[in-house]
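Following are the structures in question.
What follows is a pair of complexes built around chain A, which joins chain B in one and chain C in the other.
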Partner chain A sequence: MGIYKTEPLKCWGKAKELRLGVYEGIKKARDNGTMIVAGGTESAIALPAGFDMDFLGGEPYGASCAFAGIQDPSWNRGLMEASEAASYPRDMCAYMRIGIGSLLSDKFVFGGKYPVPTFNLQTHICDTHGKWYQIMSDIEGVPYNCVDYVPYEWETENESEESKRLKRVYMKDQMLDVIDWMEKVSGKKFDDEKFINAVNWECESTSLWAQCCMVNQAIPAVMDEKMMYSLYIIAVLMRQQKAAVEFYKVLLDELKDRAARGIAAFENEKFRMIHDSQPPWHNLQIFRYLEQFGAVSIGAHYSFSLSGGWAYDKEQDKYLPAKAPKEAGVTLKTREEACDWYSEWLLAYQTLLRSLRYSGRGKHKRIQDIIDNWKIDGMMIHLNRGCEGTAVGQMELRRYLADRGIPALTYEGNLADVREFDLERTIDKIDTFMETVGLTKIAK
Partner chain B sequence: MITAGADVGSKTVKVVILKDGKIAGKGIAIAGLEAEGAWENAWADALKEAGISRNDINKTVATGARLKEVKGFDEEMSMVTADAMAMHKLNPEIKTVLDVGAEEGRAIKVDKDGKVSDFAVNEKCAAGAGAFMEAMSRAMQVSIEQFGEEALKSTANLPINAQCAVFAESEVVSLVHEETPRPDICKAVCDGVSDRLASMARRVVVEPKVAFVGGAAKGMGLRRSLKEALELTEVYFPDDIEFVAAYGCALKAAE
Partner chain C sequence: MIEDFKKIYENRHNYMKAWKAKNPDWKVLGYMCSYMPEEILYAAKVLPIRWLGGHEPQNVTEPHIMGMFCPFCRDVLAQGLLGKYDYCDAIGITHTCKHINQAYESMILHRGVDHFFIPTPSKMQDKQALPYYAGILKIFKEQLENWTGKKITEDDLKRGIAIVDENRRLMRQVYETRKADNPPISGLDSMYMVTASQMYDKQEVNKIIADVIKNELPGRKAKNDPGIRLMILGSEDDDTAFINMVENCGSSLVIDDHCTGSRYFWNTTEPGNDLMSVIADRYLKRPPCPIKDMPNRTRIPHIQGLAKEWNVAGAIVIQQKFCDPHELDKVAIVNGLKAVDVPTLYLEFDVTVPIGPFRIRVEAFLETLGSEDLF
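What follows is the complex of A and B.
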């Protein structure tokens, strides 16, 4: 008998249905020859929504391959080896390598051949992202474009309003250019109304996910991090769609209800942790292993903010869900207005992407905000060889935590390449960490 | 009360027997591909020195990377906690422990009660571990003990790659081809490994007094380099430096 009551999420099945529906749509489009757009999933995916299209996002696709590799290693080791055989080295982004391997092997993890898109559209959120789909396009023989992305600095840096304005205009102008380019390379007419709707829905769904994360401040937490991976993915894959907004409204209500009734994600929650960077998708059991000690990871800067809309509130000195256009009293009427608002949203409120560029004080402040407001007892840092972006500043963060006496555990691995993860050593480190914070395994 | 502690390491197995809180016997044996034989040999030596039989032991606590390969202990504990307990007993003023074993290096922060307040372990890279030092001593065609003595003869500062043991080894080969004096190469290796260890140690914030333990800590060259890398005036090196974790286990068994 646990300390808290627990029960499954009612909308779990819906999340699975939506997630698989995205890939079913891509398969259908591939088989019917209708429009597919591919690129990093953190690109401006509302932009191609001005067309009828299905979007294939490289990062969640890479995670799916890594996960599928648990049952069938050809989806993990096999695809990595295929990209290495084509001379792509092991120190590159693991999502990129697994994606290139999938394309070169002409295998789609959800069935059939790899779906070649009409064009690739990327956002330059990190150095690999800029290059990744250029290479994919070269191999596929399809057009490629990339929106340069220079996010606002963290609030700790006091960036001037003029600097922000210039960044916003720069991004908006690129978006407008990209719309013309997409029309040219696809030969299809861009529908402004569809685009404006997509911007509204993207802002609303990502804000709603942030609101869901806020509910997790409750003790006991209503979601654990492993659960979050199956929930935030809706925003990652299809945040520009109305179905995502509807899903998060239902989820938010359910989470609030769970919090009110004291329903826990994990019945023996004693020690609340957060994680840093993407997890090793091929070995998610480490999160269940924590539970043997009464510890539970209840979130991460990554899980909260990847496709999450967070705004810094100066008065309260904390991060809160950002206001979508409707909530902010703004009606987007034109393509230009939508591009302008969308630029602001991505530059100001997509805080995870900020930490791919800028390490140090800003990220520390955000982590401290999570530690304080989500009542965190310790942190687990994945020294992730597979993502140079999220690895930015990890050792600075480790030192920051050490200086403040916040227990932290580091473990080395790779988000998608199972060959760079040692489960035995990681378990050993978790055991040692638990011993140092005075936790022993709960008797069964 | 008679208790025992064992450290089943990657390269050696160490056993310490405590009789009423004092060390009565110690045994160490090199583990090859199978740790079980070394486990028995280390036990035999320790029991012989203590003049007792295995049945006289009230409790045995064990630790180490290859613990799963052996049987015959009552409880297990982590290397990190074992080191902290041992060092606190040996010198309660110790606040930071650096333990360099064959395959792993650890930095441990110890609080005033001897509990671990933080720790860091080197990751998959072999640089910063004893096995790398041994490989380099083979490359220099000297014993690991002579390797340290050679390093002490040098005052040169030759930077070598401290991040990767494989790259470091190829740099050593280049230095040999350039006819660099052996003492200078030995010192360069000690400095490189020390830089790696020092950066790991800084993750937990190094606070004096610092103790340096583990098999690699026997090397005089590495001792000097590490002291310089951490800008320390004083480092504590306990007697029986390889037995520290096993001693910590024996103390735990006696609790």
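What follows is the complex of A and C.
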């Protein structure tokens, strides 16, 4: 008998249906020869939504292959080896290597051949992203373009308004140019109304996900992090769609209800943790192992913010869900207005992407914000060899926590390359960490 | 004298300390990437000097930077944490790669130095990059004015541009001489020249280069037999021990594509009325670091052109271990060189390189270049 009551999420099945629906759509488009656009999902995915198309996002696709590798190593090791056989170095972004391997092997993890897109469109959110789809286009022989992304600096840096204005205009003008480019390379007419809707829905769904994360401040937490991976993915894959907004409205209501009734994600919650960076998708059981000690990871800067909209509130000195256009009293009427707002949204409120570029004091402040407001007892840092964007600043984060007496566990691994993860060693590290914080395994 | 370049490189800190004592009205800013707009710093009477590594094993960066970040960024941070560059009044960086940016952020966190970050665009080919970057450079200029307490005038900027462009023109002139069948200057001395230009007052280095061009290079042969002509390209590289070894194995490095080489100085500013746009334009048009070469691949035709014009038989592509930018271009560059019949040898560098094993690989490469086809 646990300390808290727990029960399954009612909308769990809907999340799964939506998630698989994205890939079913891509398969159909491939088989019917209709338009597919590929790129990173943490890009401006509302941009190509001005066309009827299906979007294939590289990061969640890589995570899916890594997860599928648990059952069939050809989806993990096999694709990595295909990429390496073509001379792509093995310490580069693991998602990218899986994508290259999948393309070169002409295998799609959801069935059939790899779906070659009409064109690739990327947003250059980290050093790898813009180059990743340049390589994909080299191999596929399809047109390629990217939008440069220079996020606003963290609040700790007192960035000038003029600097922000320049970044916003730079991004907006690139978006407008990219729309013309997409029309040219696809031969199709861009629909402004569809695009404006997509921007509104993207802002709304990512704001709603942030609101869902806020509910997790409750004790006991209503979601654990492993559960969150199946929920935030809707925003990652399809945040520019109305269905995502509808899903998050239902989820938010359900989470609020769970919090009001004291329903826990984990019945023995005693020690609340957060995680840093993506998890090792091939070995998610480490999160279940924590539970044997009464510990539970209830979120991360990563899972809160990857497709979440967070605004810094100066008066409260906190990060709060950002206001989508309608909530802010803004009606987007034209392509230009939508590009302008969209740029602001990505530059100001996409805090995970910000930390890929600026990892120092500002990221520490955000982590401290989560520690304080989500009542965190300790942190687990995945020194992630497969994503240097999220790995940047991790050692400094560990020092920051140590200096403040916040228990932190580091383990080395790779989000998608199972060859760089040692489960037994990680378990040993968790055991040692639990001993240092005075937790023992709960008797069954 | 050509030897002066080596003296500056090897005694960089002593040179700078002496220089600072002689120039009390100047400040010194240490920067970590070759995209730093030095023209504006010279205009502000702030001497920009590039921080490079020490090529010695160190034990200070492990708590700050994950082991899979490139050895160059860890070596640079080590120099900073060990106080080797304490004569610098500030540090600065432009946005380039996250590895070297991590070194910069760790310096701020642990040394509390004055610092300047310039958010350079990455999509430098984009027409929108110019107005953006010109605006960002204007902000940088204002930040410098606040820091030094002195206004930077148009004349100051013209003076800054003139100093830096002169340095670029002179080095390009030296590189042109390396097209000769028997080049008058070695690859090693060329590397010393470029790194000395990065590490010391360009006004002083320009005098040395001008003197070398006028009085030393005419009629000079760096070696009696230049051997096989090679190109070297890739990540940051000031590994003089490696360069020296290669040039003592029966070859000459006649051209490079490094940020401690030609990428640093290849183009000068073009005339224009708005000086911030003029400066921004120069950096947008320079031969790019791979991280800034998108969506189109401009590096390949540029490198192919260098290989042809400098008439090389082969190319050594070096990559700092874990250097993502160059790893991302690896396949494209190697294939690009293969397409113009330039064979490549690909090597991974660390803080120190294993000269013995690398010599064997270089010798084997040279042997394949020197031998005739059997069939």
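Just so it is clear, the second predicted complex is superposed on the first by the 444 of 444 C-alpha atoms of A that agree within 3 Å, B and C clash if a C-alpha of one lies under 4 Å from a C-alpha of the other, contacts with A are read in each partner's own complex, and residues count from 1 in each chain.
One rule holds for everything that comes next: a contact is a pair of C-beta atoms (placed from the backbone, for glycine too) under 8 Å apart; a residue touches a chain by one contact, two chains touch by 3 or more.
All values reported here derive from a predicted model rather than from experimental measurement.
Once the two complexes are overlaid on the shared chain, A:D148 sits against chain C while remaining clear of chain B.
In the overlay built on the shared chain, the residue A:D422 is in contact with chain B alone; chain C does not reach it. Look at A:M395: by the touch rule set out above, it reaches both chain B and chain C. When the two structures are aligned on the shared chain, A:A86 is found in touch with chain C, with no touch to chain B.
When the two complexes are overlaid on their common chain A, residue A:E161 makes contact with neither chain B nor chain C. Of the two partner chains placed around the shared chain by superposition, neither chain B nor chain C is touched by A:E315. Contacts of A:D431 after superposition: chain B is touched, whereas chain C is not reached.
Using the contact criterion defined above for the overlaid structures, shared-chain residue A:A408 touches chain B, although it does not reach chain C. Touched residues of chain A, counted separately for chain B and chain C, are more numerous for C. Overlap of the chain B and chain C interfaces on chain A: residues 383, 395, 399. Looking at the complex, you find that chain A touches chain B at residues 383, 395, 398-399, 402-403, 405, 407-408, 410-412, 420, 422, 425, 428-429, 431-433, 435-436.
Residues 65, 77-81, 109, 115-121, 123-124, 202-205 of chain B are the ones that touch chain A when the two sit in their complex.
If you check the complex, the residues on chain A that touch chain C are 86-89, 91-93, 124, 126-128, 130-132, 134-135, 137-138, 144-148, 150, 153, 157, 160, 162-163, 166-167, 169-170, 173-174, 177, 356-361, 383, 385, 388-389, 391-396, 399. Residues of chain C that touch chain A in their complex: 62-66, 68-69, 95, 97-99, 101-102, 105-106, 108-109, 117, 119, 121-123, 126-129, 131-132, 135-136, 139, 290-291, 294-295, 297, 322, 324-325, 327-332, 334.
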